[in-house]
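Here come two complexes built around chain A, the first alongside chain B, the second alongside chain C.
Let's look at the complex of A and B:
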């Protein structure tokens, strides 16, 4: 699994879970909050992406993540494990 | 009045109860439940409301049970006061409009199910999250959720525990009266309340009495089944673990 693929999946789920982003390009250096996500939106994007990528990251490890890029790194770590 | 509740009754006899426990984000703490019930008592002792708008915080309408209560339940201490709130809403003499600007989860969503008219926000999320914590739905969810969401969406909500976004529910065609941008939720509620307040209040009360008969029965039915399922599911050894990991989110 490549990081590009992971970012693509996360970006798709962000678009699916948030309004008015259909034509937006998701910048991985931004936080989901920058795209208007509330805390439950973020939980939903993360769980949908994990299901799609078939990985499981414990909630505690996600607490300090600041942007989409860091989330993708965390996913990649668990995909390779 | 309890300081976690704000009550205002306007010149049209429209009562507005805002659940306002900012610190604990409107979870069912004992103080919260007491505050809610006392405020309802106060409303009915001092006013003759034509209808009631029930709202919450901008971010959270109501978040349902608190962790300590659930852990107590998983330790076999069964003393749930949440149901008093559902029963109280179903048994009012006047119609209740749930104006949910923020999220509503678990028992918090049940407050809307016990109302007569429901308004949700496109941006917020609504979920029957009980099963995420390993135990079966309670507070009347198993018999009341179908009325608001439709049977099969209700099934999905209960089995998956998914927190559905308002905008997503709007596409699905549930029975929620209005799903509007968050900023418009209260205005919509007041518009409906005003239309009700113009009717003869005595007839409004009669109509409410008739319409609520079915819900009262559903709530009694739910209580029998759900209590039994709770006795079983809270006793599963996995449940405590799931409750703990759920609240780690």
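Let's look at the complex of A and C:
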């Protein structure tokens, strides 16, 4: 699994769960909050992405993540484990 | 998962990918049956063998023993659930009306005592009208879901109760969460909602931290943006304000708050919830608030007892005065021990332990075995770096019980944290 693939999956889920983003390019250096996500939206995006990628990261390890790129790194770490 | 099983929490099993819809996620059972995880869950659903007074008895899940305990976990802030006059009134209503209301309020469930109680609550809260719900959770869900629609905006404090969030989800309105009690963040969210029908939702006393909503500033901002205000006074009704009407009275902003929610299970000592607002909005809610429309009306015995509870708590200030006296004493002594009580301003006193779930559980067990029932509050209910105990101070506490409590906390928590 590549990091590009992971970012692609996260970006698709962001577009699917949030309003008015159909034609936007998701910038990985941004936070989901920048795209209007509230905490419930973020749980939805993270959970759907993990399910699709078939990985499971404890929520406690996600607390300090600041942007989509860092989330992808964390996913990659667990995909390789 | 085997090597990091203790890093998981309930937050991780919300989505279920098991193809068998009648089973939990595959790894949920592995997790919940791990001995350490199982032990931490044994603190929950322990049976009380007597009334939820301060002085009661527990059947401990930890070692199967029956144990006399000082209970600082129940929300019986004013001791009304066992007040002799309240119990007597409940018995009389039970004798007259029986156990249940046998119908939804709209069709046949409304009894004269429900109408009387709703009227008295509206008078107490100085609003035009009141609607009664059979559960507090249902009251919050029902009010938000009944008032808000797709296209509307809910601007909520991030620490709002689950019932308010669920009501928001059900309503279809867009939910924007502002950083807890942060006026800059509130303004940013109000800016995003500008021009839409917007309701600002806050709690009088926040249940995990015991701090108060900054009502004067919140009212100023909401008014500036033309938003309505909803306050959840679950942990403040009968306790805050000169007449016990809550945090809105405490800050002198009752006229500026459109909708006031209260629960009947905490200071009131019964069960249920209520919404006070203007007459037209209450009439509208009766058409669209599902937990009212499609639930059986409250049990008459409970409503009969609650009418008396309202009378007892408001005929003078003795119960809340005693509760405040006890709160001041506990808070002063806990602070003297250098414990972290967060920003509490109420009878809800958190004792913040930090990021160690293991310490939290060890302390909880030792305290319970020493005779103090103080439930641990773990992640994800609170942030992982501020796991805590949450003390509910009651007017029922005697001097001796407070001193015993403090000495157990000192022995178990303070001595260990120093070492």
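Assume the second predicted complex is superposed on the first by the 81 of 81 C-alpha atoms of A that agree within 3 Å, B and C clash if a C-alpha of one lies under 4 Å from a C-alpha of the other, contacts with A are read in each partner's own complex, and residues count from 1 in each chain.
In this text, a residue touches a chain if its C-beta (ideal position, glycine included) is under 8 Å from a C-beta of that chain, and two chains touch if they have at least 3 such contacts.
As the structure is a prediction and not an experimental result, all values here were calculated from the model.
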*asked:* Looking only at chain A, is it chain B or chain C that touches more of its residues?
replied: C
*asked:* Under the stated touch criterion, which partner chain does A:17 make contact with: chain B (first), chain C (second), both, or neither?
replied: first
*Considering only touches as defined above, state whether A:61 meets chain B (first), chain C (second), both or neither.*
second
*Have a look at where A:51 lands relative to chain B and chain C in the superposition and call it first, second, both or neither.*
second
*Name the residues of chain A shared by its contacts with chain B and its contacts with chain C.*
19, 36, 38, 40, 43, 59-60
*Name, in rising order, each residue of chain C that touches chain A in their complex.*
1, 4, 7-9, 11-12, 14-15, 17, 27, 158, 165, 169, 174-177, 192, 379-380, 383-384
*For chain A, which residues are in contact with chain C within the complex?*
19, 36, 38-40, 43, 47-48, 51, 56, 58-61, 63
_Quick check on the complex: what are the chain A residues that touch chain B?_
17, 19, 36, 38, 40-41, 43-44, 59-60
*Write out the stretch or stretches of chain B touching chain A in their complex.*
59, 103, 122-125, 162-163, 165, 167, 245, 248-249
